[in-house]
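Here is the structure we will look at.
Labels A, B, C and D are assigned to the chains in the order they are written; within every chain, residues are numbered from 1.
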Amino acid sequence: MKKIINSPDNYIKEMLEGIYIAHEDDLTCVDGDLQVLVTKHKKEGKVGIVTGGGSGHLPLFLGYVGKGMIDGCAVGDVFQSPSVDQAIALTREADSGAGVLYIYGNYNGDIFTFRPAADEVEMEDDIETAEVLGADDVASAGPSAPGEKSTRRGVAGIFFVYKCAGAAADKMLSLDEVKRVAEKANNNVRTMGVALTPCTVPRVGKPSFEIEDDEMEIGMGIHGEPGIRRGKLEPADQIVDEMLEKIVADLPYENGDEVAVLVNGLGATPLDEQYIVTRRINQVLEEKGIKVYKYYVGEYATAIEMAGFSISLLKLDDELKECIDHPVDTPFFKQV
Amino acid sequence: METSYLITLLKEISDIMAENKEKLIAMDGIVGDGDLGLTMTDGFKAAYDAVADGAVTDAGKLLFAAGKAMANKVPSTMGSLMATGLKQAGKDLKGKETLEDADIAQIFASYEAGVAKLGGAKVGDKTFIDGIHPAVESLKASLDAGDSLVDMAAKAAAAAEEGFKATTTMLAVHGRAATRGEASRSLEDPGAKVASLIMQAFEKSVQ
Amino acid sequence: MKKIINSPDNYIKEMLEGIYIAHEDDLTCVDGDLQVLVTKHKKEGKVGIVTGGGSGHLPLFLGYVGKGMIDGCAVGDVFQSPSVDQAIALTREADSGAGVLYIYGNYNGDIFTFRPAADEVEMEDDIETAEVLGADDVASAGPSAPGEKSTRRGVAGIFFVYKCAGAAADKMLSLDEVKRVAEKANNNVRTMGVALTPCTVPRVGKPSFEIEDDEMEIGMGIHGEPGIRRGKLEPADQIVDEMLEKIVADLPYENGDEVAVLVNGLGATPLDEQYIVTRRINQVLEEKGIKVYKYYVGEYATAIEMAGFSISLLKLDDELKECIDHPVDTPFFKQV
Amino acid sequence: METSYLITLLKEISDIMAENKEKLIAMDGIVGDGDLGLTMTDGFKAAYDAVADGAVTDAGKLLFAAGKAMANKVPSTMGSLMATGLKQAGKDLKGKETLEDADIAQIFASYEAGVAKLGGAKVGDKTFIDGIHPAVESLKASLDAGDSLVDMAAKAAAAAEEGFKATTTMLAVHGRAATRGEASRSLEDPGAKVASLIMQAFEKSVQ
């Protein structure tokens, strides 16, 4: 394990200390618990939006805490959920009377954290809560039947859910309305990833999986879980084509539909490669008659130091376009 | 039996997880993200540490406190499920200052019920439930048959291990393993292995 | 070589195509040459600031082309300079009557490009030019004698030179004044890096150097050139201490001096580790009585997919602080 | 000699760089960034390609055009230096439609002068100059001695190779290699190797 750390046991603590130091003007923690992080720019009367999940995905999740996006985040150990108590403390801090929306990935560990927390703050603090579970990873399960809850995992596409819900909340919409917008974004986003190398959880000390020098893992999980296909590494264009085939087929598109595109590096993929991928995405979507309203390219949701990338497509309507255009100022993501 | 026996039990569980840390990491690495060895080791250690001083003598409060400590320490899928199992056992044993064999059997029945309620998994879903459920059934049968505690524990441990082994015939429907469909069938479920380890620890704790 | 590319020969072209697609509203190329890139938001009457250098360092150099920073960039092949003709075309486009300042790294390849270009545009187009050569890498050579030109290479610290000069130009200062500010920033910035893994130039196809699994290379060059010390990988704090020792000693500091700090990932280093480093930097500077005015943490100047990081310190006075605070909006870097 | 000989010369240089591509990458990888094999191969190929059709017969214009093509193709340290050498030779041979042996010697003297002017390196600085300079000296001596062109070339190539070998006694003062101080001394300079290869190509071109 080749990492710039002091000890695996202090990994999260020291990382968080660095975050509070670097972003002192914008972020603070709740009750001295570094793992419960809120914005210093709380907007009174606004619906609070909070999230949470394991560490190891920076800038996800805590990096999006700020103006125009989300209000707080509870982070667990690497790839581990935060605790119920932390979620409770977070919710209390994020509420300013208009209720709190939980947006987090559809993953049992996190569900087991946020649902009990919601129960408790509703009972004890009369805070109204709602939840939207990110479930954009088309490689993690088939589509759910109408009415059934999705079994898909939430991955990088949750960025779009934060972005849209954050804009709606910033416009001072009600909890119901913010939830409706978040759900719309969530229903309209699809993601798929590919890994070239594994990642190493510091306390585990060895890579999450083994992969040959000429192989790739299509559809791997964001913790390095096995994907849907292991195969020889292919040219960038071919990989993009396979991924887009799955992503686009999963949500019906009509000629002229518009999308926002997120090309996301998983941690160790040079930006150059992400732009080579962007170029191909543009070609393919043009062929399919899908118009790109906006591109986001970079590291938005990583798996520590995994090499690889994911593509997320968010289908837009006028309301979501307005949300996409809304300015944002968070430690890791700014849109002017 | 004194309720301090529960401290011994938690110690055995904590120890067996530590011994099997690498094995659980490896097993979870095949079907999932490989963290299970860490969460089970840290979680059961936290559960044990929280009550090790013997200050709490109410069996229910002791188990609940252990569960709460685990929940805060390792809030992952299995971490939360195991914590909830402990807390459910705590709720059901509240007020007991001594333990009959039936109470001991009840602990595991409550444990299973807590996990099932939070996680919603059924027998055959290839989860922890498939390890713990046969053990709980075996404990009931032993109670009816009037087995000694030592025999009860041995039979339950054997049942859990068999349940675990049988997961290689099941299709995963929960968690990441479910992604792999038919390919998941022949793989052992690491959560069920945890159930088997818990029952082995129980067996040791009564020797 | 495990890369998400189509062919090494098309690496730069396809990467640049992706950049123009993703940043269509902000960037355009000159005369159809993708390697010569200018902002779409040219401010009339402003001193033009241009830069250039090899590809493979994204977001350096072209990522800083935009409002409040620089106006254009010529990029060469991976780790190669752009050509004289490209630098000429760039200069002509960036000038709007107030002259053009070249800011680029102190490296013969680039000097051999920009000096002849400056000669030509001064002769043929009457464009007034000036140059400031980034020379912040304390590991690349000793300090230069007073009056002597530095033999140090320019690395990540050039970000601060862009930032300060960009602010000065945006405030409509004259070429002389913008150059003065750029020079001040340049004289006040020091950088040192450490590499954990090499990088692979696509057309070379193999890593730039070999390094054991438990070794690090302190002071490596930004193209993966050998550094000043190869040693066993140490804890993060110890590495930071060694680097800061060299950086701080190189420029006299007094108690109470203020700095801007750039913690820069080289391509494959997780943000988590960069924050662990940030935490230690803060401790050490506090001990030394140096106050941090602002932190920048992330990938600002990479070496393709190298793992490692660099630390840059910019010593501030009131004028430079104002420059640091100036808002910026470029494709890769935004400051609100 | 016809000026088309220069096309042959450029072809030989281009070929020898291609043959030594990996060797130059490896050598530059030790002291620098490892790109020299790429830039020399691509650069001299571009130089040759620009004039290969024989359309330009003025020796000066031909060499200058070759240099310009190389400058645009590989604007790196050595790329720019080599291009400037060619351009300087072009300037100095302008107007010649045939070539005497003295003109050929002049090409390399001009080449060295161009490189020295742009780069500012002196003999002993452990650069390209340390390969080319002894060769240029040898060419002058051969001219004075009345050597045949074949002999001139062979002696110059030997001198360049010796000059290259002698770089292992020098301390680097230019470029990245200079960072390493005393540790740089025993290392071969890859730019001087390029000088030696150019002179080898020259030797072949007159056989």
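Assume a residue touches a chain if its C-beta (ideal position, glycine included) is under 8 Å from a C-beta of that chain, and two chains touch if they have at least 3 such contacts.
Treat the numbers as computed from the prediction; the structure is a model and nothing was measured.
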Co-neighbours of chain B and chain A - touch as defined: none
Reference chain A; chain at largest CA-centroid distance: D
Distance between chain centroids, defined by C-alpha means - chain A, chain C (Å): 30
Where chain B and chain D are represented by their mean Cα positions, the distance between them in whole Å: 76
Centre-of-Cα separation between chain D and chain A, whole angstrom: 55
Numbers and ranges of chain C residues touching at least 2 other chains: none
Per-residue overlap in chain B, given as positions that touch at least 2 other chains: none
Topology of the chain contact graph, where touching chains are joined (line, ring, star, complete, other): line
Those chain pairs that satisfy the touch definition: A-B, A-C, C-D
Interfacial residue positions of chain C with respect to chain A in the complex: 2-7, 11, 14-19, 21-23, 55-56, 58-59, 196-197, 213-214, 233, 235-237, 239, 263, 267-279, 282, 295, 297-299, 302, 304-305, 307-309, 329, 332, 334-336
Interface residues, chain A side, partner chain B - complex: 76-77, 79-85, 107-109, 112-113, 139-141, 151, 153, 201, 203-204, 208-209, 219, 221, 223-228
Complex contact set, residues of chain D against chain C: 25, 29-35, 37-39, 71-77, 79-81, 84, 118-119, 174-176, 178-180
